[in-house]
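The following pair of complexes shares a single chain, chain A, combined with chain B in the former and chain C in the latter.
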Partner chain A sequence: MSETINFKIDGQSVSVPKGTTVMQAAYQMKIKIPHFCWHPGLSVAGVCRFCLVKVEGRPKLEIACNLQASEGMEILTDTPEVKEAHKWALEFHLVNHPLDCPICDQAGECGLQNYYMEVGKYQSQMERPKVLKPKALDVGGDLVLDTERCILCSRCVRFEKEVTKSEALGIFDRGDHAIIGTYPGKKIEHKYTTNLVDICPVGAFTSKDFRFKQRVWFLKDKQSVCPGCSTGCSIDLFAKEQTGTYYRIKPREGESNGYWMCDTGRGMYRHLNIETRQRFHYVSKNGQKIDIDQKESLNQLASKIKEVGPEHVSLLVSAQYTNEEYEAFFDFFVGKLGVKKVYQWREPTEKLNDFDGILLRGDRNSNTHGLMATLKKYGVGNQKIGNEFDIAVSSAAKVVIALVPEIPATFPSLQSNLQTLVSLNFVSFWTVNSEIEKIKGAKHVVPVKGFSEKKGSFTNHFGKLGHLTSPFVSVIEGINCVASTTRKLSEYF
Partner chain B sequence: MGNTSDKIKIITKYEGMPNSRSLDTYLSKGGYEGLKKSFSMQPAQIIEEVKASGLRGRGGAGFPTGLKWSFVPQNIQGPKYLICNNDEGEPGTFKDRYIAELSPHMIVEGMIIAAKAIGACKGYIYTRYEFFEEIKWLEAAIQEAYKAGFLGKNILGSGFDFDLDHYTGAGAYICGEETGLISSLEGKKGQPKLKPPFPAVSGYLGRPTVVNNTETFAAVPWIMINGAAAHKAIGTEKSAGTKLFSISGAIKRPGVYELPLGYSFERFLNDDCGGMIEGRSLKACIPGGASAPILTPEELKGLTMDYEAIAAKGSMLGSGAVMIIDDRMSMVELMKVIADFYHHESCGQCTPCREGTGWLANIMGGIYHKEGQKGDVDKLWTVAKAMEGRTICALSDAAAMPTKAITKKFGDELRAFIERGAGA
Partner chain C sequence: MNSSNNSSIFSEKLKTVIEKELTRYETKRSAILPICHAIQDECGWVQEKHIDALEKEYSLNRIQVKEVLTFYKAYKQSEPKKFEIEFCDNIVCCMMGAKDAMAKIEELIEKQGVNSEFGLKGVPCLGVCDQAPAMLVNKDRHHKITNENVEKVLSRYSSTI
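Showing the complex of A and B:
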């Protein structure tokens, strides 16, 4: 058992395991100690000298990030002396900062700006020419680097060394002419580059993908789960609500992902925007596409199922929908109607057990575990994952209900799969994306909600639930998730 | 004033002898006798002896040497390291190179004794690369010591093994800071490490390490031979022993002098060094290297050269680099040289130092180039104040302390220069 240390921060008592730093304790207690270089997911550098605190009985201020809590210690974070130290620490950080906030993507979520309001608010005393450094450098990945904005906190360098274990990034030269940069002939080439944008407390690293697209204060963020693979990273999804446009995804501290997420996951907002969404129910008659309303659409599907009988219906299901949707879907089709033929729609190129050692898994489906569990519960489908798509196609029933994979980016075979399915007897495509629109002759298409627009949960690789708890309003009016669509369909039986 | 048994020679014992660097010369006057003596002692006894001698680190900080050695854990598995900090870089200081020139074996002997005391298996002498000759002399001494059986396996049949190598630094001032030196020796960028952990627990390659200044090691053999009490009897109560002073400026006899600590500054300047050059007068003195706050003639009156007396005047003995400033020297130029030096040498890790040293140099550059503003002198002081005591190592303080002293004591001269500049 580890020893417990009792001490106080600003009069609040706290007990922590021995070895905990004052900064870690304050972070857990949500007591704000200003900092730039400290990050809960990285080693301690102790270089920004911002987190100075007063330890009762000791003469000098000390940095909270490298200060181990000891029994009976009393820490003060807002004495006049500490405040003065914080003010100066900030001023030093701004001496050579270009203050180009109006054209900086970080504006609105910048450590320098935020701390200026909290601990600064002084007239700058710097009246001499500033040190000029290279700007707008393409250093690889999703990254653009502005070394003039950089405050040399070294978070990025530590991330590279400690998390991705790559060595492209370093600090060159010394003193106030020190700059972050890549070694000659090297670029940052791993799959986690955008994390550098997140951990950069200022606007030194900006994202090529997000650059100059939107001011962050117009964006609303909601908690969600990344649907990009079976890890299920906790994320914040950012959209402009007025226009219903999604702009970016950032990781949120979570059990499955720690503090990070991969660049592939960052792109999981793209398919949600209206240009790539399936917007209408439609049927094809004589090669002509006819838009119909939901009632008519589901009525026609119900009639078709009744006409052929449940024994001639099969279900082709992708593992990119929520547990709640699977429950409603199988409860009706298998439980009520008695459909027996159920197949998993999987990407043939996926290597299920691949893992990059950090977060990204070969299973690019958000809910393989959830789907398998529901199939097992209803006693249908194959309990071993194989390429069932071909079997489903060759043993095609008269009616196939297909839950189309939501995210085309994780499903390279989507177009060819859809092409194959369109040639079959009668397939009802339930889909988030509009890939099916590129193929003529789909007999029945039902638009459904994307992961950002519904409540529900995914079961990740470890069997843990990730909750989609705070959905955005759907960018398309009047559409439902798979669960409500199923319930509405059931009304015709 | 304690005992100032005049002109006792500990470090400069071999001064004036032909071939003073050779092993034979060194052996002829008791060389390696201290080593033999220490091999008859237990490691803890050696440490106690050094503690009792009152020897303090001669690099600048003046930390008690025996105490530093005692922080190294004794009974642990794995290697421990010993490093000689011969990266003499404090502006005004040129004493360590003199030891290498005079008696490199004294450094080697001191290191072997220290290695025995802390149980180190391997040592390095880290010298700045500008010391081309000294590097050769040190390497030659190491070779001679190996041949004579003072280094390597089973030294003098004692069963104790110790290997010693020389390492040439690249000349950065910051590599004279002990953890910066360790980083450099490890092949990394020469940047100080965050403390704790301290080197005695986790130093070179993460192992217990002691780093001492060259002069500190050189004092050890004498202590072994003559005993702690004899050493303690020299100098003052708290500043025991002798110290090398490297004195420069417009004086008749600049150079390196070995003096008992507590020696009179006036006597040193006027008798030993022959006083000021004709026609020059004493304007100020920097008593312990560029980072030591400047002292005015008023403050120098009655001053003795020991850690406590100089600290009482608000400055420090530092490395013992005494810089005499005469009436022809401009404080604007002096301040600019100091500001530029620290700006150039800041490693850039800690924000207050990285930005502060640059800011000081930036303001001083403005003043020097006649673009000075009215409030600049006060600003220099304010910025320097904010740089103090806030960083990993002492470089920030080293830049701040002289800046504060010069702007406070010679602010009027700077202000007058700014006003003239603005009018010109």
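Showing the complex of A and C:
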């Protein structure tokens, strides 16, 4: 066992392994020490000089991020001397900052703004003009760079070096003329660019996707799990509740993802917005689409199943629903009704074992392992991961219940697959997205809830559960998740 | 390393220097400073093609090379003119009249129509504050440059054009 160090921060005792810095200990204890350049997922730079703390018995203030805790050390983070130091450090950071908060996307979640309210509140003493630098540069990926707003904390440079290993950013020139940038004429090319927007403590990096769409204080964030691949990154999902519009996804510190997430995962809010959602139950008669209510819809489905008998029913299941939904779905169809034909519905072009070395996996379904576990539990279907769409189509059951993949972006063949299914005898499409409406003649369509609107869990690549604990109210009134839809359907039997 | 590559833009002599510098420090990054000096000494300035070649032949990161080149004013990133005047514009030299002398130099260059032969730029401290204001013309050091004597000092160079 490694040596432990006992010391105190603001009177609270703490034991940490030897080598832990004061900042790391404070972060774990949730004691806030103002900082810009330190980030729990990156190396220590010690350049912002903002995390100054008092060490009892030492004459000068020291930076917490690069100060290793030692036995008996007593740290004070809240003395008048420390506060005064923070105030001065902040004033220096703001010397050349343009203060264009009214048009800056970072406003509302900006380190400079927040710390000004906490430790600043001074009258600026600067009389000299500010240094002007290049603005609104497209540096590749999802990024727009404003070098004037930059406080040169170097988090982005370290991220490029340590996380993506692409080293596409550097600090050029020096002193108050120093600017962050890519090599002249080159752009950042990896798939993790939006992380730079998150870790930038000011508004130097902003996201092309989110820019100027919404002020952050109108948005409500809720904890969720990214459904974009089998890694299952912990995320915060941001939506404006009044309009039910989703705007962005940010990573939340979690076991599966550390502090980051990929740019592909960032887009996983788009299919949730109302324009691309399946809103009504409907059936098609003589090529005409007829909207019906849920009762009528489930009643018709129940009679159809009773008419043909469970032996002529098959289930075509994609791996993008929660464990709880699979449990309820299979419990009813397999457990109660005795349906035997169960097929996996997967993207035919997927490269299951691909991995980009950071987070993104080739398995672009959120819950492959959850589905496999449920199939095993009920002893149905193929016990190996694999697309059985063609088998399902050729076996031509009289009734097919299809759990349509939730996210079209992760399922390139969705349209052509749906086309094939529509031509079959009778398929009931249970779907989150409205892709099916692009094809005429779907016999039976049931709208279900998206991942942001339901409780439940996904089982990720490592077999770990990711919990959807705090759902938003659904943007579409009166729809249910697969589990409650199944329960409602069972009332007709 | 790629020292056997005959198509290198570096001369054999330069290649020997680069390879030696690369093994001299704990990290390759540390060698960027002396390597760029060597390139500048031989080629006059550090060009894009040199940075390309350093990355390709010696796997030195181009971002890091550029960071070093832009940090230090002593590295030239554009083609130097015949006489490059580097005038110290730091505090001591300015107190002793550096700004006036620089204005005078600009005026002289303009008057004599030798723009294409003389370049002038302000640089950080040259380390001779006791002899301020100081300037370098190429590699010659000149001390106590004032409005009055600067013309005489420069005539030494302009007479050779």
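Please note the rule applied: the second predicted complex is superposed on the first by the 493 of 493 C-alpha atoms of A that agree within 3 Å, B and C clash if a C-alpha of one lies under 4 Å from a C-alpha of the other, contacts with A are read in each partner's own complex, and residues count from 1 in each chain.
Heads up, the rule we're going with is that contacts are C-beta pairs under 8 Å (C-beta built on N, C-alpha and C of every residue); 3 or more make two chains touch, one makes a residue touch a chain.
As the structure is a computational prediction, the values presented were derived from the model and not from experiment.
Undergrad: With both structures lined up on chain A, is it a clash or a fit for chain B and chain C?
TA: Aligned on chain A, chain C clashes with chain B.
Undergrad: Using the superposition on chain A described above, determine whether A:183 touches chain B (first), chain C (second), both, or neither.
TA: In the superposed model, A:183 contacts chain C only, not chain B.
Undergrad: Please work out whether A:409 is in contact with chain B alone, chain C alone, both, or neither, and reply first, second, both or neither.
TA: The answer is neither, since A:409 touches no partner chain.
Undergrad: Which partner does A:95 contact after superposing on A: first (chain B), second (chain C), both, neither?
TA: first
Undergrad: Kindly classify A:107 by the partners it touches after superposition: chain B alone (first), chain C alone (second), both, or neither?
TA: It touches nothing on chain B or chain C.
Undergrad: State whether chain B or chain C is in contact with more residues of chain A in the superposed arrangement.
TA: B
Undergrad: Once chain A of both complexes is superposed, is A:171 in touch with chain B (first), chain C (second), both, or neither?
TA: both
Undergrad: Just to be sure I read the superposition right, which of the two partners does A:128 touch: chain B = first, chain C = second, or both, or neither?
TA: first
Undergrad: Where does A:152 make contact in the superposed view: on chain B (first), on chain C (second), on both, or on neither?
TA: first
Undergrad: Go through the superposed model and pick first if A:50 touches only chain B, second if only chain C, both, or neither.
TA: first
Undergrad: First (chain B), second (chain C), both or neither: which does A:60 touch?
TA: First partner only, chain B.
Undergrad: Which region of chain C runs into chain B, 5-13, 23-31 or 149-157, after the two models are superposed?
TA: Stretch clashing with the third chain: 23-31.
Undergrad: Considering only the contact definition stated at the top, list the common interface residues of chain A for chain B and chain C.
TA: 171, 173-174
Undergrad: How about chain A: which of its residues touch chain C in the complex?
TA: 167-174, 182-184
Undergrad: Per the contact definition, I'd like the list of chain A residues that touch chain B in the complex.
TA: Those in contact with chain B are residues 44-50, 52, 60-61, 66, 85, 88-89, 91-93, 95-96, 125-129, 131, 151-152, 154, 171, 173-178.
Undergrad: Help me check something: in the complex, which residues belonging to chain C touch chain A?
TA: 61-64, 66-67, 70-71
Undergrad: Which part of chain B faces chain A closely enough to touch in the complex?
TA: Touch list, chain B to chain A: 172, 174, 189, 194, 196, 343-352, 354-359, 362-363, 365-366, 373, 379, 382-383, 386, 389-392.
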